[in-house]
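Structure first, then comments.
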Amino acid sequence: MFGLNKKDTSLFFLVLLLVVLAPFLLNPFPEGSELAQFNAGYPDLMQRFLIFGIFAIGFNILFGLTGYLSFGHAAFLGVGSYAGVWMMKLLTMNVIPAIFMSVVFAGLFSLLVGYISLRRSGIYFSILTLAFAQMSFSLAYSVLTPITNGETGLQLALDDPRILGVSSENGAIPAANFFGIPMRESFELSMGGWLFTFNAGYYLCAVVMMIAFYVAIRIFRSPFGMMLRAVKSNQQRMNFTGLNSRPYTLAAFVISGMYAGLAGGLMVAMDPLAGAERMQWTASGEVVLMTILGGAGTLIGPVLGAGFIKYCENIFSKINDNILYDWFAALPQGLADFLVFVIHPFIGKGWHLTLGIMFMLIVIFLPGGIMEGVERIGRLFKRKSSKDENSTARPKAAPAE
Amino acid sequence: MDAILLQILNGLDKGSAYALIALGLTLIFGTLGVVNFAHGALFMIGAFCAVTLSRLLSLSFVTIDETQKDFLGNPLKVETPYVEAWFGPETGAAIIDWSVPLAILFSIPIMALVGLLMERGLIKYFYKRPHADQILVTFGLAIVLQEIIKYFFGANPIPTPAPDVFAGSLDFGAMLGMDPNIIIYPYWRIVYFLFAAVIIGAVFAFLQFTTFGMVVRAGMADRSTVGLLGINIDKRFTVMFALAAVVAGLAGVMYAPINSPNYHMGMDFLVLSFVVVVVGGMGSLPGAVLAGFLLGILESFASMAQVVALLPGINQIIIYLVAIVILLTRPRGLMGRKGVMES
Amino acid sequence: MSLIRKPLNRRSILRAGALGGSALAMPTIFTSRAWSAGYLNEPTGATVTLGFNVPQTGPYADEGADELRAYQLAVEHLNGEGDGGMLNTFSSKALKGNGILGKKVEYVTGDTQTKSDAARASAKSMIEKDGAIMITGGSSSGVAVAVQALCQEAGVIFMAGLTHSNDTTGKDKKANGFRHFFNSYMSGAALAPVLKNAYGDDRKAYHLTADYNWGYTTEQAVRESTESLGWETVETVKTPLAATDFSAYITPVLQSDADVLVLNHYGGNMVNSLTNAVQFGLRDKQVNGKNFEIIVPLYSRLMAKGAGENVKGIFGSTNWHWSLQDEGSKAFVQSFGQKYGFPPSQAAHTTYVQALLYADACERAGTFNPCGVVEALEGFEFDGLGNGKTLYRAEDHQCFKDVLVVKGKENPSSAFDLLEIVEVTPAAQVTYPPDHPQFAGGALGTCNPGA
Amino acid sequence: MEILRVEGVNKSFGGLRALNDVNFSVEEGTVQAIIGPNGAGKSTFLNCLIGRLVPDTGSVMFGDISLTGMKPYEINQIGISRVFQTPEIFGDLTLMENIMIPALAKRDGEFKLHAFADVGKDTEVRDKALHMLEDVGLVEKKDMVADSLSRGDKRRLELAMCLSQDPKLLLLDEPTAGMSRADTNNTIDLLKRIGDRGITKVVIEHDMHVVFSLADKVTVLAQGAIIAEGKPEDIKGDPRVQEAYLGGAHL
C-alpha cells in the first residue's frame, strides 16, 4: 500500500495504531493510583515523544544509513525553532507557515554546514559539525540576542505585528492554532478510574510524524537509500563504481537537517518559545544517544530511543521522596525508610544517574539498541512456535529492518 | 605589548590544562583505539582527589564552646582537626594548607586504580565495537561518575586553595625593569605550567626511552604486527590506560586551586579537549600538546577587549572557528596520520 | 484559549479510593466548553496541588535543593504541621494552618535543569499531568521568564523563585507572574551609597559581565547608579557563560587604570572570576593612590561558600540573610535550622515567602482562581516576612522592600557565617517608577484563568 | 583500434620512482596481461589509470578522452571498471544490493536523487543483477550479506559487480590470488566467457598459468619500467624477463 511492500505496510500501520492509541497506551495506570506517577499520557510529553521521534528518524537517515556521525544536528532544530517563532511573531499564529519556514531555514543552514563539513569524514566530520553547532549556540546565547533573545529564549509578545493575524486578543497573546484549532485544545475521557487526554497539538504532531515516518520508509527502500548504505559500507568501492558519494551524503545531511527543522518547528507550534540550549552540544548528543539506543539504521528504533530518553527525563525527574513514601506506605516504617534510602539516589535530582546507568546497560548488553532487544524477544517467540524453521538468510540483522 | 605578553602567559596556562587532558585522551585513542568520553570525568575525579584529601586532613572532633552561640542559639560546636591535635596547631595547619600538593601523591594510586578498573571492567570489552558504541558507553560512564561525585560533594564549587606560600603573584614586570604591577602572574599558575611541562616531558621520555614505551609506540603504529611478535600488548595497553588516567587526574589535582572543583568540570573540558585532540591530529601525542597550547593562546588573545570590540562574540567561538579552519586546510589535523578514524 | 484538565485532583481520587465502583465505570466525556465556566485545574477534592519547579541537576542544583527544602517547610506550615515558622509573624492573618481554603496542600516537584526548554516541559507536565494550580521556583532569570510566559499562556499563577534580572518584572512581565526577589536595579541603587561611603566618589570601574540577559541588566543598573555618584566606567567586557578560567579577562584589568572591578557574574562564573581576580593579586594592588577593590553586585551564601577565602571584604547585595534579627527572619531561621541543621539561603527564603504569599492571597481572595489571586496580590502590603514592610506593586508585580548590602566576613565563626550585613537599604531608596527606562517595554496583559 | 593509450607516465613517491616513463597501449577486444615482480609498480600503474593516483607527468588516453584530472567515479562512468587485489565490496549489504548498486550507477549516472523510487520494484536492475549472479554462480546466495562469503566468492562477486556495468575496459588486479586450483580454473573459465562479450581486459597476475591461458599480449614491468612486451610465448622465452622476473629460473 502507498508503494510500500507488505512488511513495511504492516509496520506503518502498527506505528499508526500505536500513535493514535497512545493516549490510552501511555496511561495504563488508573488516575490516583500510586503507579499513576508512571503515566506518560499527558499532552506535553506525548508531543515530545513524537517531535523527538521525528528528530531521531531524520538523524538516522544520516547516521544510520551513511554512518556519518554528526554532533551538530541540534543546531538545525534550533534554527528551525527560531524561524518558527519569528513566523508566529511576524505573520500569523497558524502553525503551518511556522513549520514550513522552520524546515526551509533548517534546510538552508544544513546545506551550508553540510557542504563544508562533508569535505571530511570520520571523527573530523563529527568535530566540524560539533564546532558549527557550538558556534551557533554560543552566538545565539550572547551576541545574537536581538534575534534570539539569548538566555531567555525567543518568545511571543503582545506587541508583535502578526500581519496576517492579531497582535493580541483580550490582552493575551493568541494561541498557536491549525486553521482555528488551538494546539492546546484537548478533550478528556474519563473511564472508571482512568483519564485519557486527547490533545489537538498531539494529533497534529501525529499526522506530521506519520508523514515523516512514511517518507523515511520510502527513503530506506529507495535506490537513494541503498546508495547511502553503500557510503557507510565502502565509500571507496562506491567511487570506483561510478558514484559520486558527496552529493549523496550532502542530500542525506540536508534531508536529516530538514527533519530536525521540522521537529524544531513542531516544538514551537506546541510551545511557542525557542531556547538557545536546544542548540547546545548536549542536545546534539541527545539525538545521537536516542538513535544508538533505539538501534541505528533501523526504521523504528530511533523513535523508541527518543521515547525512552524523554520518558526518563520527564518521569524519573519528578519522583521525589514523598512519592516514594507513598508507595511504600503499606510497609513497616523501617523497611520503607531503607527502600527510600536505596532508591533515593536514582530519582528526582538523580535521574541523570539512572539515565547514565541505562545507557551503559543497553550498550553493553544490547549492541543493536532497543531494537535488538525486541528482535531477541521476537526470535525467542518464533523459536517456540516453529522450532524447525531456520532462516539463515541474513546472519545479522540487516540494517534496513 | 605587556598586554600581549600577559595573554601569552594566560594562553600557556590554559594550554597546559588542555594539553594534559588531550595528551591522555590521545594516548588512549592511539593505543587502544577507544574514544573515551569519560576522560573529562577522570580530570574531575583528580580535582576531587584534592578536595577529598583536604577534607580527610581536616577531619575534626567536636568540642562544645558554651561561651559562643550558633545560629539557632545553641552552644557553638567548635571543630578541631585531628592533625592539629596530633601535630600541634601550627604543624597541623601547615599540613592542611599543603593538602593540594600532598594530593598529588594521594591521587596517583587512586587514579591508577580508577583507570585500571575502568579498562579491565568496561573498556576492554569495547575494543572491537564501533566508535559510536564506545562513545555511548563512556558517555554513560561519565554521567554516572559525575553523579556519584555530585551525590557526595554537592553541585556547588568547593574552594580548594593552594598553599599560602603560593598565594600572590610574581611581578615579571619589575624583574624586567618595568614599573611594578604591570605584568604580574600568580605563583600557582606558574607552578601549574611548570608542572604540566614536567608531566608532558615525563610521558614523552617514558614512551621514547623505555622498552615498554617502545613497544607501546610500535603498537600505536601497528597493533597487529606487534601482536604477531608474541608480545602481550594488551597488558601494556592496560598500563597505558592507567597512565592516561593518572595524567588526567594530576591535571585535575593541580587545577583545583585555579578553579574551585565542581562535579561538571569534566564535561566542561571534555568537548574542548576533543577539539584539541582532533585539531592536533588523532593519535598524535605531539599534535595534542601543540594544539593544546595553540588553542589556549588563541583563546586568550580572542578574549582581549580590543579584539572583541572588533569582532563581537569572537571570544565565544574562537576555538571552534580555528578548529574548522585547521581541519579544512589540514585534513588530518596538525600532525595527524593518514587513515586514523576516517572510516 | 484553554488548556483543559478535568477538575478532579489525582490525589483526591486516591484518598477516595473506594469510589472506584460502578458510579465511575461509565465513560464521561469532558469537552472544553463543558468547563469554560471554571478555571484551569480547579481543585475540587480535599487537596490542592502546587508545582515546585527547581533546578535539581546542573550548576544550580544546590540552590534548587535549598529551594525545595524551603517549599517542603512552607507546605508543612501551611498544613499546620511544625512550628508554623513565619505564619506567626506574617502581618496577614488569613492563613490558619489548615491548608489553603481548607484544602490540604500537596505538591509535585520537577527539574528545570536551568534550561528554558526543560523548565517549561517540567512545568507543563505539572500543569497537564498533576493538575498543579500554581508553579513556583527556579534559580535563573532565563528560566523564570520562560516559565512565567508559559504560566500566562496556560492560565496558572507563577511565583518566581530566585530571579534577579530586571526583565522578569520589566519587559517580560506577565499578569500571572509575581516576583518577590529583588532585581538588578535595586542592587545598583542599594550598593551605590555604600560604595560611595567606603571607596569615595572618584573611582574608575571596570566591568566584567556574563554574556546573557541577566548580566546585561545588572551591568546597566550598577553602571548607572555608580556613574550618578561620579564614578567613571573605564571598560565593560562581556565574558562567555561557558568560561571557567577568567585569567584572560582579568589580566587586561591590570593594564587599565581602573581601581574597581565589578563582577556581574553569578553562580560558577562568579566563583571562578572572583577566585581568579584574587589570585592575580588585584586586591593587593594600588592604583591612582587607592586600594584596588572588587564588587560583586549579586551575592549569595552558596556562592560565597564556593569562593571561600576570596570573598573576604568584598561588597555585594543580597535579598535576605539569615543573620537578620527581625522576628520573621528569626522564626524562619529557627524552623528551617531545626529541620535541616543549617541556616537557609536567600533562595530558600524567597521561595518560602512566595509560597506563603500565594496561599495567603488565595485565602484572602477566597478562591484559587488565578484572576482572584492576582487581584489579591496586586498592591498587597505586608510585613513580618523578613524584609520589613513590603509592597507587591500592581503595575509590574514586583515586590518593593529593603535590600541588604553585605560584605564578605573577615573572621567567619562557622561554615555558614560568610557574609555580614553592612547596611539595610530602605525600600524607598530602591523604589523606581514603573516606567523607568531599565524596565521599559512589555506589558502585563490580562490575567488568564486558563478556561 | 586502440582503446587505451598511456604515454610517458612517471610517478614518484618521495625519492622512490614507482613508474618510469611507461608507454602502454591496449587494443580493443583483447586481453592484456601485466606481469612483474613484487614492487614492480603494477598496482601503482592501475591506480594511475582509475584516478586513484595522479601521474606526475605523462598522459592517459581512453579512446580520445584524457583521463588526467578526472575523478574516479567519472572514469568509471566512461566505461572503466576495476577488480581489486583484495575484494572491494559492500560488505554489509546483500549480494543483490552489491550488484544493483553498480547497475544503477551505470543506468542513472554518478548521482540521482531517486529517493522515492522503490528499489524492490526496479525490475530492470533486479533482473540484471540476478542474471549477473547466475553468471558467476552466486544466485542462490543472493540474499546473504557479502561479508559472509568466502574469499573466492567475494572475488567473483566483485567481478560480477564490475561486469554488471558492461564496462568497455575491465582492469583486474590479481583476480585469482589466494585461490585454490579449482577456483582458479573456474575464474579462468569465467573470464574467458566474458571475453566472448568483447570486453577489453587488462590483467595483473602472478600465476603464469592464468596469464598464458588468458592473455593475448603480455607486458613485463620491472622497477617501474616496461622491459618487455609481446605475445605470451615470446615473453616466455625472453631472457630479460626471466632474469628480472623469474630470477633466471626456467618456466
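As written, the chains take the letters A, B, C and D, and residue 1 is the first residue of each chain.
Keep in mind that, in the parts below, contacts are C-beta pairs under 8 Å (C-beta built on N, C-alpha and C of every residue); 3 or more make two chains touch, one makes a residue touch a chain.
Note that the structure is a prediction, hence the values are computed from the model and not measured.
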Best-connected chain pair, where connection means C-beta pairs in contact: A-C
By mean Cα position, the chain sitting nearest the middle: A
Of all other chains, the one whose Cα centre sits farthest from chain B: D
Length of the line joining the C-alpha centres of chain B and chain C, rounded to whole Å: 35
Approximate Å spacing (C-alpha centroids) for the pair chain C, chain D: 74
Length of the line joining the C-alpha centres of chain A and chain C, rounded to whole Å: 33
Sites on chain A at which at least two other chains make contact: 138, 141-143, 352
Shared-contact residues (touching 2 or more other chains) in chain D: none
Junction residues of chain B, two or more chains touched: 316
Chains that touch, pairwise: A-B, A-C, A-D, B-C
Chain B partner contacts - residues on chain C that touch it in the complex: 58-62, 65, 211, 235, 237-240, 242, 244-245, 247-249, 251-252, 254-255, 268, 271-272, 275-276, 279-281, 284-286, 302-303, 305-310, 322-323, 333-334, 337-338, 343, 413-414, 416-417
Chain A to chain C touching residues, read off their complex: 30-34, 36, 39, 42-45, 48, 138, 141-143, 145, 149-153, 155-159, 168-173, 175, 182, 184-193, 195, 197, 271-273, 275, 277-278, 313-314, 317-318, 320, 322, 348-349, 351-352
Of chain C, residues touching chain A in the complex: 1-6, 8, 10-14, 17, 20, 24-25, 27-32, 56-57, 61, 64-65, 107-111, 115-118, 120-122, 124-126, 128-129, 140-142, 145-146, 149-150, 152-154, 167, 172, 175, 211-214, 216, 238, 240-242, 442-443, 445-446, 448
Interface residues, chain D side, partner chain A - complex: 50, 52, 71-73, 76-77, 81-82, 88-94, 97, 100-102, 104-106, 108-120, 122, 125, 143-145, 148, 161, 165
Partner chain B, residues of chain A touching it in the complex: 63, 69, 116, 119-124, 127-128, 130-132, 134-135, 138-139, 141-144, 235, 281, 285, 288-289, 292-293, 296, 345, 350, 352-353, 355-360, 363-364, 367
